[in-house]
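Accompanying notes for the structure given below.
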Amino acid sequence: MDDLLAIGGQKIASRLFLGTGKFSANRFIPLTVEASGAQVVTVALRRVDFDHAEEDVASFVPPTCILMPNTSGARNAGEAVRLARIARAAGCGNWVKIEVIDDQKYLLPDNYETLKATEVLAAEGFVVLPYFSPDLTVARRLEKAGAAAVMPLGSPIGSNRGLRTEELLRILIAEIKVPVIVDAGIGRPSEAAYAMEMGAAAVLVNTAIATAQDPPAMARAFGQAVAAGRTAYLAGLPETSDLARASSPLTGFLYE
Amino acid sequence: MQVTVNGKTEEIPAGISVAEYLDRREVGRDSLVVELNGTVLTRPEWPARILNTGDRLEVVRFVQGG
Amino acid sequence: MDDLLAIGGQKIASRLFLGTGKFSANRFIPLTVEASGAQVVTVALRRVDFDHAEEDVASFVPPTCILMPNTSGARNAGEAVRLARIARAAGCGNWVKIEVIDDQKYLLPDNYETLKATEVLAAEGFVVLPYFSPDLTVARRLEKAGAAAVMPLGSPIGSNRGLRTEELLRILIAEIKVPVIVDAGIGRPSEAAYAMEMGAAAVLVNTAIATAQDPPAMARAFGQAVAAGRTAYLAGLPETSDLARASSPLTGFLYE
Amino acid sequence: MQVTVNGKTEEIPAGISVAEYLDRREVGRDSLVVELNGTVLTRPEWPARILNTGDRLEVVRFVQGG
Amino acid sequence: MDDLLAIGGQKIASRLFLGTGKFSANRFIPLTVEASGAQVVTVALRRVDFDHAEEDVASFVPPTCILMPNTSGARNAGEAVRLARIARAAGCGNWVKIEVIDDQKYLLPDNYETLKATEVLAAEGFVVLPYFSPDLTVARRLEKAGAAAVMPLGSPIGSNRGLRTEELLRILIAEIKVPVIVDAGIGRPSEAAYAMEMGAAAVLVNTAIATAQDPPAMARAFGQAVAAGRTAYLAGLPETSDLARASSPLTGFLYE
Amino acid sequence: MDDLLAIGGQKIASRLFLGTGKFSANRFIPLTVEASGAQVVTVALRRVDFDHAEEDVASFVPPTCILMPNTSGARNAGEAVRLARIARAAGCGNWVKIEVIDDQKYLLPDNYETLKATEVLAAEGFVVLPYFSPDLTVARRLEKAGAAAVMPLGSPIGSNRGLRTEELLRILIAEIKVPVIVDAGIGRPSEAAYAMEMGAAAVLVNTAIATAQDPPAMARAFGQAVAAGRTAYLAGLPETSDLARASSPLTGFLYE
Amino acid sequence: MQVTVNGKTEEIPAGISVAEYLDRREVGRDSLVVELNGTVLTRPEWPARILNTGDRLEVVRFVQGG
Amino acid sequence: MQVTVNGKTEEIPAGISVAEYLDRREVGRDSLVVELNGTVLTRPEWPARILNTGDRLEVVRFVQGG
């Protein structure tokens, strides 16, 4: 199949991006990545804790995957830029998910600071995928600033509430030329399928998979659902009808 | 001699390099990134760069994140 | 995988049942059945038209499938029973989808006549799958009458309106012991996935696949979506949360 | 002799069997089911069963349906 | 205003019917009825408890109201008929709400027994308003049996879940000639307004009002909402549009 | 009743704000304003057309109302500021609805330019009510900049699509201290009631009323619905329940 | 003499009427409806109708209900 | 003498005031607001302010709007 997603010079076959947060142990990550089929995987960056042995999460991500560090913890553009530069120095590529948050209750992004960080990092050659609150004007500016894709939220991070911002997502998908990837809030495979049916370029899922009782099984379910939604989008979804339309013939009855 | 590492002030002997510091802390170097006074230090710079009083060192690595 | 659906003594691996109505040509049927993975396939029964060459649709259904004739055209229990008996005489097994409709606008089933036909046919040894308007008391009576499964509608036949009767479907799934198969109205893979996530035993899809521009592609999408929804149901869907829950660590920030 | 086939009255010669009737109509027998006066006729009964005046014959087959 | 609802020979101005169940004390009933504007009020019938002083709830209903006893407690048609006859003997008129339930978890009605009771009681001259699970064929039979109105549920009794059966309600409203009154499940004034905007003839509300902290205030809110929805229905609701349509002029800008 | 909305030093009894766009003739405005009960009424500012006799729309607004000119036509903060200053010079008060739009298809606001205009105009003593795309961080900045209230959109202007941004509106209502007024997209009284039940301080409605066949009737419906929703919000909406909860007593049955 | 009232068997003296029974139970008559052996008794029938052994009496009234 | 009024260039006699200009255009003054070269002119300023070559005049009023 030739339906590949082009971002940052890469051709990506799987439209499910996977986050690695909240896994009960790193050892579940490779199995889950494999079951999901994901080729883009996020990680975060934190200070080393010298007092406790720690694992390098990146070593649990299959080397064929694109590693996409996020800037979680950043409260403004400057902090996000600094984190992105440190991440790039780790030698795992130049992708970065911009995440600038100054609200601890809903973890909603600061679109303006996100835009500023995008401008700086795109100019420095990063492949920048900003996570943001869906807003058409902001998305246009992100695109103009050089974002490789835009990642609007469906609902608050980790809430499993699904595509509550559908109205705005639909407009972004219609108007924005770079890939629109729905990030945050997707809690069920059916929601991931629906996002793809709407025309999203991809979805990023973390909590719903990592916190499932059987993460690899749930990952496989999301992988299938994303593929299903994409296939249906390409095949053309049908119109709805207020009245019924018979699926068996309306002639040849035995009682005529 | 005082430096600030990952936000905490600590006393270290004078004249040791970033690489030596990391060895003393017994932390595997492979997956680390080091920032000194706000600028990323590439891996080849670690042995040569001697820590000075008041340096702010950040030693970070990738962790789980979404 | 051992997750098989047991109906009428058969063990069925695919939880997508496929209808054959509305295909633009019979030759698309085998490809579509194969792409869908369906093992249960519906057909209707009509008078032969002696003036035109006609094909036998059953010959287009792969022989490994269970053929499930419907009683479409029946306006009451007696007509449905008669059609079922004729269908069985064709030698293709003893499964039957009861469909009794006396409304030509919404094609909504007559639950009472459906119940009467179910009683008669179950007693005659048919594997009876009644299509009905979701109603808990009726479902209990269908179950008691010997229905092998019950098939409530999601929305009017061919409307592609999805699971508009979700409230009642959810109650049926919780209360009825025989398999609950959502029949009619499912228009998108995401809706099929959602029905499975709710705990439906299977879904029956026809219009959305047969009238797609590329029926085999859409069939594959539905097959994946149904598998995804089932896997997620078995893995346990997560709770939703009003507030956000961080997916990256809340400690170790560089700015503490 | 008049019989009703699939709801239409038609004239046929006396003494022909169901099987002969189907052959005259040039319809492939393979996938058909025949009901005579409300009762299903099994395939082996077709050659033996002679049509009588007033018989109501239904000749049906499977078609597309959901 | 001449927009009166005709049922059983009465002309009713208020399209909010009120249930009296679950009030913390009978003394709140008259104030609440008055605040709601309701002219049709339901009561139940139960055995006298000789060991405790009891009040007659009917004496708390303003005498200008139509009293509509329900047959709650009936598990089949026979019991419903018996209760209706007893209620009529109390001398408070001949209206009756048929309620036949044999499910204690969801309190969903038994449509078939409800239909049988409707046939008997309509023939005996009662003004019969059957509460039922929305089903077009059943509604047509209720109408034919002489029901003065039909009362489909929006969601389970007392659940405050609103119009979850909207798809079926909409069809009933389009197809049934006697008044369609949405009974059960309405939990908010906005839901009552929406039912009226859809074209419901009236709504029956109980739990959401009786269990509010301030029942008369909530009753007033529902009364206003029902009036609002009805007015809007008569005035003609607007179409929706996928795109925006400016509400300020698109000419005469200062920047041309 | 003491439930007054305080904005800009005014105490406002009606929580329905009315827009004057799209009326087929100015003469319908006073009747409609009166029927709605609105006390805050919007107008736009445009160049005089010297070639055609024109009416002054402000003269059709009852003098007891607060006139709230909008800055429609502005494509950036500077233009909005200029329009606001001109509007104030007309001598009708110092309220202004900031509306900065650079998208002609969905008419979605430019939050960043809106914020800049708010900062300038609040500092000049205007009572500033910015219309914006719902976003928590932006709302906090608008509040800090001196906005007297914030007016997030429910769906695109004139679309009648209702509260599609509910998820974000709910968060704004929970977090923002100045009044949150839902502006744009409300197409039905039930939607206005629902916004008020959610805790919105007010709603601004234009298209759905002005383009109704009978604008005063629809205005009255909206006025009632807003009052109903507000009353219900103050009275405390009930919780929903998955199961039924009987509204008639569960003892004293005749069949025990 | 045994009768069943509201589902409970009780002993009462012979020869008392429905009206007298209600008075003995000290229940206000105004809002009651009485059914005897499955048939509604109108209010005027209460004084005349003497209770017999084995009678099933239902004494009901309106209560809150939705 | 050329001025720009509401975006259109027009020729007017020299020496007329804003108030006079509006009278010439036969537009009711009551509900107008006038901006001259980007600055609002208050009503009392209209008679005194003489138009100059190149002036940009905006004459606006309230219209329907949402």
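Read from first to last, the chains carry the letters A, B, C, D, E, F, G and H; within each, the first residue is number 1.
Definition applied: a contact is a pair of C-beta atoms (placed from the backbone, for glycine too) under 8 Å apart; a residue touches a chain by one contact, two chains touch by 3 or more.
Just so you know, these numbers come straight off a predicted model, no measurement behind them.
Considering every other chain in turn, the ones in contact with both chain B and chain E prove to be C. Path length between chain E and chain F in the chain contact graph, taken as the least number of steps between touching chains: 1.
Rounded to whole angstrom units, the spacing between the C-alpha centres of chain A and chain E is 46. Chain B and chain F have Cα centroids separated by 56 Å.
With centres set at the average Cα position, the gap from chain D to chain G is 70 Å.
Looking at chain B, one finds that residues 7, 58, 60, 63-66 touch two or more other chains.
Each of residues 19, 21-22, 44-47, 70, 72, 82, 105-106, 108, 156-158, 161, 206-207, 210, 247-249, 252, 254 in chain C touches at least two other chains. Remark: the chains found to touch one another pair up as A-B, A-C, A-D, A-F, B-C, C-D, C-E, E-F, E-G, E-H, F-G, F-H. Within the complex formed with chain E, the chain F residues making contact are 19, 21-22, 44-47, 49, 70, 72-73, 75, 79, 82-83, 99, 105-108, 156-162, 187-191, 193-194, 197, 206-208, 210-214, 217-218, 220-225, 227-229, 231-232, 234-249, 251-255. On the chain B side of its complex with chain C, the touching residues are 7, 58, 60, 63-66.
Here chain F touches chain H in the complex through residues 19-23, 26, 29, 42-48, 50, 54, 56-59, 67, 69-70, 72, 82, 85-87, 89-90, 92, 157-158, 204, 206-207, 210, going by the rule given at the top. Against chain B, in their complex, chain C makes its touches with residues 247-249, 252, 254, 256.
The touching residues of chain D, when paired with chain C in their complex, are 6-7, 25-28, 30-33, 35, 38, 40, 42, 58-66.
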